[in-house]
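There are structures below to look over.
One chain, subunit A, appears in both complexes that follow, with subunit B as partner in the first and subunit C in the second.
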Partner chain A sequence: MGMPNVNRSLKRRVAVVGAGMTKFVRRAQETGKELSFEAASMALETCDLTLNDVDCVVHGTAPDSFDGVHMKGEYLADGSGAWRKPYTRCYVGGGTGVYAPIHGWYHVASGLFDICLVVCEEKMSSCQPHPQGAFLTIFDHTIERPLGPNLLWIFAMEMNRYMNTYGLKKEDIALVSVKNKRNAADHPCSLLGNADITLDDVLNSEVLAWPVQRLDVSPITDGAVALVLAAEHVAQRISDKPVWIEGVGWNLDTAYWTNRDLCYPRYVENAARMAYDMAGITEPRKQIHIAEPYDPFNYKELHHLEGLQLFDRGKAPEATALGITQRDGDLPVCPSGGLLGVGNPIAAAGLMKVAELFWQLREEAGARQVPGQPKRGVAQAWGDLMQVGTVVVMGT
Partner chain B sequence: MTVKIDEFRGVYLRESDFREKKVLYNEWNPNAQYAWDAGVAIGHYLAELKAGKLTGVRCNKCHRTVIPPRNFCEWCFRPMDDWVALPDTGTVNTFSLCYVTWDMQYLTDPEIPAVIDIDGTQPAVGIMHVLSEVQPDDVKIGMRVKAVWKPADEREGSILDIQYFKPL
Partner chain C sequence: MSKNVAIVGIGYTSFRPLTPEVSYKELMFEAAVKAYEDAGVDPRRDVDSFVTIAEDFVEGTSIFDEYVPDQLGGLLKPNVTIPGEAIHGLATAYMQIASGLFDIVVVEAHSKASNVLTLPHITAYAMDPVLNRPLGANPVFIAGMEMSRYLWASGASREQCAQVVVKNKRNALHNPTAAYGASIEAQAVLHAEMVSYPLTVQDISSHADGAIVLVLASAGVAESLTDVPIWIRGIGWCNDASSLETRAWGRAIYAEGAGKRAYEMAGIRNPMEEVDFAEIDDGYSYKELQHLEALGFCLFGEAGYLTAEGVTGTDGYLPVNVSGGSLGGGDLLDASGLRAVAEVVLQLRGEAGSHQLPEVETGLAFGWRGVPTTSGAAVVLNN
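Take a look at the complex of A and B:
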């Protein structure tokens, strides 16, 4: 039940020195391998490296059942630049996109490798008639699947529990969709960016599984994102502005999800506390300048901001209404546009958040740039049976 | 990125590209079948469901009674101590009114999945099931509910031996 003992005297510092991504689209012409190649080769180009410079490769991608390809990690290896290199695919459900850079981080922090290429890819569109079919097998096969559940059930029930516990209205939560879809209008890769969307558009969108409506949830998406990680002595030599991975955390709660109070993501708190501890963060509300929490549903951004200790429980909606989480607010949240706006190719969406911190902290985010020279950010992802939290803290 | 990257790659296909046969693709329909063993704890749970009873398990070290049953306590990592007979009544912890199927077909009458905290668990914990015999607008968190069972001769040791829960 307690916090793990974290070794703060790690051997080496690790920096992100390059990032690349594809457009996020509803259905890509490119295969998963081709999407991986586009993102990975772009990441290498941006830091003037070639595949020869890469010591090891880490891949993150969600269930094999999306693609209908068994051992998808091996299938995607060539597109990820892993030819005859030490290579692993890692997977913690929806949390994979922020876990993959952690997996890469300890390859480098340990001293084993100097340069690690991290690639996350998702091609959801292949799964017919709807990729939700691939998710039906997350439910217990004996005591849940006979009831005919679909994936929206559990998130609708979590959202309802969250709203009921804190007395929240749909309006309080729908503001997150408005903010993120507007932010995404400034993202050149976005699927659902919309500068003109209004609160009424969200509140009047069709009901899917009350309280979840169409514009409360992120879309099916294809896409890929890649990062280049380097050990300190290499990063200082090849990069004029390395962005350091200062803290990492991950945590898994029980799969007996009906035995938990769904109003609060304790596993996200545990992961955040681990990452903050490593990063020497004692007052996250003062020391974190940008947050990219996982937002496949609008209520999840709020839920996760509370788990990340950035707002009191039940208070993230109020902060959203006050504009605190706008790109020019006191704590910009999902300045990228998030999953609700840029799109949700599961693992790639999580790594997109880490890439956004890299661009924001280097002040290269263009129209999306948050003002005030941000120095430190946190990215987080979530998944499985609403049970995993993965957290990365980065700083300049 | 954006300031240092001129162009992001990726080609967006549209429905019309498939209708007009502008793109090539192939299809596969897998025939995947499984037979799952119920296991020790859920096996007992199903046998009790067939007898018209709900059953939980007790961990004396962690002082908790939980459902669905498991043969080990995932907190203290010891075998569970006792089976506990539980009533078939409980409280709605949370619910949804679901108007779509998994493949996004629309439903006129919503399915009403719920987490139902079962009476006698400690601290209160629930199972997932569905509600019926209630108007969707009348469902509330905190509502008291009771299981509606299949007739004894139709029960077969399945979670579906409870047809649904209805308001008490």
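Take a look at the complex of A and C:
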């Protein structure tokens, strides 16, 4: 088994040169096409490009069952700017948002294209009465679906396992919700930003599936995010501050999630090691200045920080309590406000994390800007049946 | 035209209308084991990355991606699903290698169409939910409208389209993996039950189940693995408008765009002279003609005449769908393009057995995603 063999003779450097994002909202009045259009147009405007400059388009969006649109990628194509252009959709469940820029990366790194528009869109509010219903269809049709499981239950199991393994209390984990929802108060696109939220608010929120409570979980959200990627020779010409994609990694574990120890995401570790290896990172704790790990649940931020090798196993809660992961801490984590604060339109939320690194590394993050001129960051997403890790390392 | 990525292994199941004795996982496993044996690779040790082609609604599972790695030997390795035509998946694998990231990448595509009891209803969910779905049209209606427009604009006839069906079903008789081989006359196509004018039931390919796996490798690795690497010389893909209201109805713009890119990359100026044979989408009879024209093998309106004259027959100047295509082999949904690629590889290796073409060096495969999409991908291969 072991690590994927990464060939280090990479041919071309690829930069992010523009980013755009819609507001993340509970019920968008726009169609999915319109949300895609809004984010894509904004991304192109920020780097003074037009659709004529774009060589290819890639799209990331999570299950078709949210919108009830079969071949959703095809439906969203023209809204995303792919009219009469090469276009593909990539898909790794909840990991899609951070995979999409990887998909875009090799479009450019392979030498086939110079400028690639990456769009991620999610419209969950179309799914009535609640998208959890759509999630019933992600389980094994023979073994699991007859039990009627939903995502909250299996994540509650994983959270329990994590707490039990390391002797953690709910308070240790709830601090992540407080931090991220406060951070999101500074994000103009956020759905659940709250500068005044307290630990008690989280601990006293409604129990959904013990130990998961309402404020431990990110909300149902609609929204879209887009990035513009460019090959080195183009990026140097059109941008004063290109942010380079230095490393990419992704990894998928077995569908039989009941067969593995849920206390540690080994697939995230593999994905991170692949990306670090490509980026030449040997000591991530020193060489990474900002982290945007996937935080659909508060314990997942901690879980993923450990998988990303940024803290020892079981130690991320302690670091959180010490304030190390605050925006002005030694390792700012989810300075955007993350999924818990900004919102969780699945694929768009993942790409929002990569966009946040772009803005932070260019020092354009406004009130969210982390101090100390950060030079390198990591973004990560997670999905499928607690099974996939996708990682992007970016630097100036 | 650089040699940087080659196909070094292929594996496939036979393609059949029904496969009640196996699951989709078993179909994938069978094709994968054969492909790894053919390439001489161990998936756990040698393969760097896996690409699967799948759409949730036809799989009956949301986030189908979850159920891929186990039966391919891809656990704890990079895996991604491309909800596209299988040649989009091939392009993804190509780019993963051409970028310098990986040396060996596996591409898998499958169809378990027999599991889908209400495919037209599923396909109807691909229609724009605001503007088109309320009209309640069966998706085949779109193909019928397009065929009407194509016949009107190109001057092709229903008889010429029927010749495509006759040819491909006959070709399929010589292909042991094809599901729908038959010896029929054009009159039988024209007078078959009308589904959506001018498409009769014989103009429409029937579904089949099956799986195909390809192993791709970078140049250096390919030459160490096999004496007969089949090189990807050009690959291209393109979408037209997804909205029904704003697309070109007579012409297959997506095929023009995909072919143009593939040819540019392969350095091909005159496809009719430089490509020896083609496996191109024939999900509906008229599509083979429309795609032949869009891919630059002849001018708009000429493909019907070329077909009637036998140019695209097995003994013709440009054999098209010698395998039987989808009309003769069965429509594998998005996997059809990968079967086309596997057929081109077999021909270029000289391993196509009873339907081997003599002295072929360059072949083209083209796939289209079917109604209501305008999404297609083309690849040029040579030996």
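In this text, the second predicted complex is superposed on the first by the 396 of 396 C-alpha atoms of A that agree within 3 Å, B and C clash if a C-alpha of one lies under 4 Å from a C-alpha of the other, contacts with A are read in each partner's own complex, and residues count from 1 in each chain.
Methods note: a residue touches a chain if its C-beta (ideal position, glycine included) is under 8 Å from a C-beta of that chain, and two chains touch if they have at least 3 such contacts.
Because the structure is predicted, anything quoted here is derived from the model rather than measured.
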{"item": "Touching partner for A:388 - first (subunit B), second (subunit C), both, neither", "value": "second"}
{"item": "First, second, both or neither for A:85, with subunit B first and subunit C second", "value": "second"}
{"item": "Which of subunit B and subunit C A:141 touches, first, second, both or neither", "value": "both"}
{"item": "Subunit B versus subunit C as contact partner of A:62, first or second or both or neither", "value": "second"}
{"item": "Touching partner for A:354 - first (subunit B), second (subunit C), both, neither", "value": "neither"}
{"item": "Subunit B versus subunit C as contact partner of A:93, first or second or both or neither", "value": "second"}
{"item": "Partner chain in contact with A:254 - subunit B first, subunit C second, else both or neither", "value": "both"}
{"item": "Contacts of A:164 with subunit B and subunit C, given as first, second, both or neither", "value": "first"}
{"item": "Contacts of A:109 with subunit B and subunit C, given as first, second, both or neither", "value": "second"}
{"item": "Subunit B/subunit C common contact set on subunit A", "value": "1, 68, 135, 140-141, 254, 256"}
{"item": "Parts of subunit A lying in touch with subunit C, wherever the complex brings them together", "value": "1, 4-12, 31, 62-65, 67-78, 82-93, 99, 103, 105-107, 109-112, 134-135, 137-138, 140-141, 248-256, 266-267, 270-271, 274, 278, 383-385, 387-388"}
{"item": "Of all residues in subunit C, those that touch subunit A in their complex", "value": "44, 48-49, 55-58, 60-63, 65-70, 74-84, 88, 91-92, 94-96, 98-103, 122-126, 128-130, 218, 236-243, 246, 253, 257-258, 261, 265, 369, 372-373, 375"}
{"item": "Partner subunit B, residues of subunit A touching it in the complex", "value": "1, 19-30, 35, 38, 42, 46, 68, 128-130, 132-133, 135-136, 140-144, 146-153, 156-158, 160-161, 164, 187-189, 207-212, 222-223, 254, 256, 258-259, 262, 355, 359, 364-368"}
{"item": "Subunit A-touching residues of subunit B, taken from the complex the two chains share", "value": "1-5, 8-14, 23, 27-28, 30, 34, 36, 38-39, 42, 45-46, 66, 68, 70, 74-75, 93-104, 110-111, 113-115, 125-130, 141, 158-160"}
